[in-house]
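The chains carry the letters A, B, C, D, E and F, assigned in the order they are written, with residues numbered from 1 in each.
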Amino acid sequence: MATARLWKDDEVTKNPRVKAVFDDIRTTRKMDFVNNFWRTLANQPAVLERTWASVKEIMFAPGVLDPLTKELIYIAVSATNACTYCAHSHTAAARAKGMTDEQYAELIAIIGLANETNALASALQIPVDKEFDVL
Amino acid sequence: MATARLWKDDEVTKNPRVKAVFDDIRTTRKMDFVNNFWRTLANQPAVLERTWASVKEIMFAPGVLDPLTKELIYIAVSATNACTYCAHSHTAAARAKGMTDEQYAELIAIIGLANETNALASALQIPVDKEFDVL
Amino acid sequence: MATARLWKDDEVTKNPRVKAVFDDIRTTRKMDFVNNFWRTLANQPAVLERTWASVKEIMFAPGVLDPLTKELIYIAVSATNACTYCAHSHTAAARAKGMTDEQYAELIAIIGLANETNALASALQIPVDKEFDVL
Amino acid sequence: MATARLWKDDEVTKNPRVKAVFDDIRTTRKMDFVNNFWRTLANQPAVLERTWASVKEIMFAPGVLDPLTKELIYIAVSATNACTYCAHSHTAAARAKGMTDEQYAELIAIIGLANETNALASALQIPVDKEFDVL
Amino acid sequence: MATARLWKDDEVTKNPRVKAVFDDIRTTRKMDFVNNFWRTLANQPAVLERTWASVKEIMFAPGVLDPLTKELIYIAVSATNACTYCAHSHTAAARAKGMTDEQYAELIAIIGLANETNALASALQIPVDKEFDVL
Amino acid sequence: MATARLWKDDEVTKNPRVKAVFDDIRTTRKMDFVNNFWRTLANQPAVLERTWASVKEIMFAPGVLDPLTKELIYIAVSATNACTYCAHSHTAAARAKGMTDEQYAELIAIIGLANETNALASALQIPVDKEFDVL
């Protein structure tokens, strides 16, 4: 089930704005497979263009965090938001970028612990130590 | 403001269970400063002991993810949960473990992007690609 | 799958409290179709009555916000909460009330942006400007 | 700081709709103190009336769950939503209804554990066992 | 769909660490059925051991909150986090521990109300009354 | 308190990337006041540039949703995420764009209701009606 239609490749080919993004996704990721996230955003070309531009710049451009670390962070956010699609897609992406079972096990442990201690701090409304302030 | 009292050091000293945890926190982290999170959990010794045991094992024991990467993941969860205390404490912890301004800038960008695309996927209820299934 | 049973029409007819609400839903919405949300709440008649009374007053009574705007706001909350059922039902409701593809595209963009900047503000724990205070 | 004004008692007295709710709050709770939640909702009399009616029926009317258990559940939701105001107000309410330190300690432990295992389940996207389905 | 494999019993039997936890789960819960949560965590033995130890101590050890109350609190957190798996598993657990339809109806009402008033308080950014502060 | 420094105007003036964004914010919004959100993002110029570009395109470019409706949607997301900063800043923005007390009262009511029914749907794990599927 879904709240918006998925674009098949023959439909993509007929829309220049959407095709340009799909071509760039395929070139940048060096694979022909384009997942449903982009096939759904195709319904909103402006959102598709802007979202891909952000993903390309943040996740694919060279930076100081390595590509796998970026995916681990993405999984942590997705799990915390209970995002079914993103948990699946970014876990697959992390594995494709070399995430080992040991790394995944430690990631899972941190995600669980952080959500636990976040809830403890929110329940107890603990005042922030002045040592943590940067102002 | 807070919903539970903070324990001062003289009170900690008088409670053997709490003192044992505080001593181990100081030894493990190699510093005398014990932040308000632990001073609040001191009201619930069993929670204090179990939480510190988890933090020590997950965040301090040697593993395949380095200590700084673990803190970046922790910040990502804390920001997503809007946890005021944890955002402050783990950003301070990440800086203490060497997080540079460039690393923090990339982390912030990923946290923003992941929350954005999570919301897009949840709004559009995008069906998970069969390619992402491991079963 | 579900954690509570769905009531079929013949069962509804036999329970006066549930029937009265279902009748009012059909009259107010001018359609025979009653969706699973109400068929599940039928298990808890008091919750059913109170929830429908709130929905009728807030979403159907004349007010200063038009019915479509109300649905756009509802979708935004549902996406942010990752509520699968509500994202589906309120997107369908918005379309039934005339939401165009262009309006949906702009809504989606705002939902994504707001979740992104919320996460940035929560990560950075930005102090509220005194200009925004009304007290 | 706040995004809406707080109503003082002299202002409440001049508005019959608001005064009627405040009078009922004082009578029902058997105390003169009316907290800021209601003083803020006073700006929206319809929301004030409906919210108080729900709180009165759900939290104060006799039922099968005792008043303290209801507050424990309320705290659990409030902590999970990182609601600063509600964590404070419902922890105070639970203490006023007799919550002991031991009960609070167990509540805190469950809140932490549930948020931890929720995050694990959402990260791992664990398929629901057929044994848990009621349909 | 899932992001991690489920362990069948013959696989569990071959791994001493996993087998020890599964044996203890069966003994503690007095039933042969082991649900998918544990069959997925089996991929991460350290997480499995630590999580089960916490669940056993918090949910099964004698305490001041009765076992059913603990499950009601767990359901409240799981619903608030929109955790599909946990809503299913803990509702089933609560029913197994004797939750009646009346108790479930009241629980559902409180979960709805608490999420509503949490959102109102967060929208209005209501300042915490000094009467609620314990410091 | 905060986890990152706020940039004052004299510091902004010395950094061409940051100054260009601040100049565009002032021109686009037709006011000299630049709020703390941007003064904090100034620490991460790439995030500042990309975020402002998105805000300018989504919130300020002409579209099919009027500027006030966009702010109402923004407030709804911010309240649901319990984002203190964003609830304050976007409520102030909505008022500056003409939000009346009546509109705000209806918005608040919808935010509360949507969070309530989202929680009910997530607790009850209601199956999506086939009528709501677009695939």
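One rule holds in what follows: a residue touches a chain if its C-beta (ideal position, glycine included) is under 8 Å from a C-beta of that chain, and two chains touch if they have at least 3 such contacts.
Because the structure is a prediction, the values reported are computed rather than measured.
Chains that touch both subunit A and subunit D are the following: B, C, E, F. Of the two interfaces, B-C and A-E, the higher number of touching C-beta pairs belongs to B-C.
Subunit C and subunit F have Cα centroids separated by 21 Å. Here the spacing of subunit C and subunit E, counted between their Cα centres, is 27 Å.
Contact of a single residue of subunit F with at least two other chains is seen at positions 1-4, 6, 46-47, 50-51, 54, 76-78, 80-84, 87-88, 91-92, 107-109, 111-120, 122-125, 127-128, 132-133, 135.
If touching chains are joined by edges, the resulting network of the protein chains shown connects every chain directly with every other.
Subunit C makes touch with subunit F in their complex at residues 1-4, 6, 33, 35-37, 40-41, 47, 51, 54-55, 58-59, 63-65, 69-70, 72-74, 76-78, 80-81, 83-86, 88-89, 91-92, 100, 102-103, 106-107, 109-111, 113-129, 131-133.
Interface of subunit A with subunit E (complex): residues 82, 84, 87-88, 91-92, 101, 104-105, 108-109, 112, 119, 127. Residues of subunit E touching subunit A in their complex: 1, 3-4, 43-44, 46-47, 50-51, 77, 81-84, 135. On the side of subunit B, the complex with subunit E involves touching residues 1-6, 46, 50, 54, 57, 128, 130, 132-135.
If you check the complex, the residues on subunit F that touch subunit E are 75-76, 78-80, 82-84, 87-88, 91, 107-108, 111-120, 122-125.
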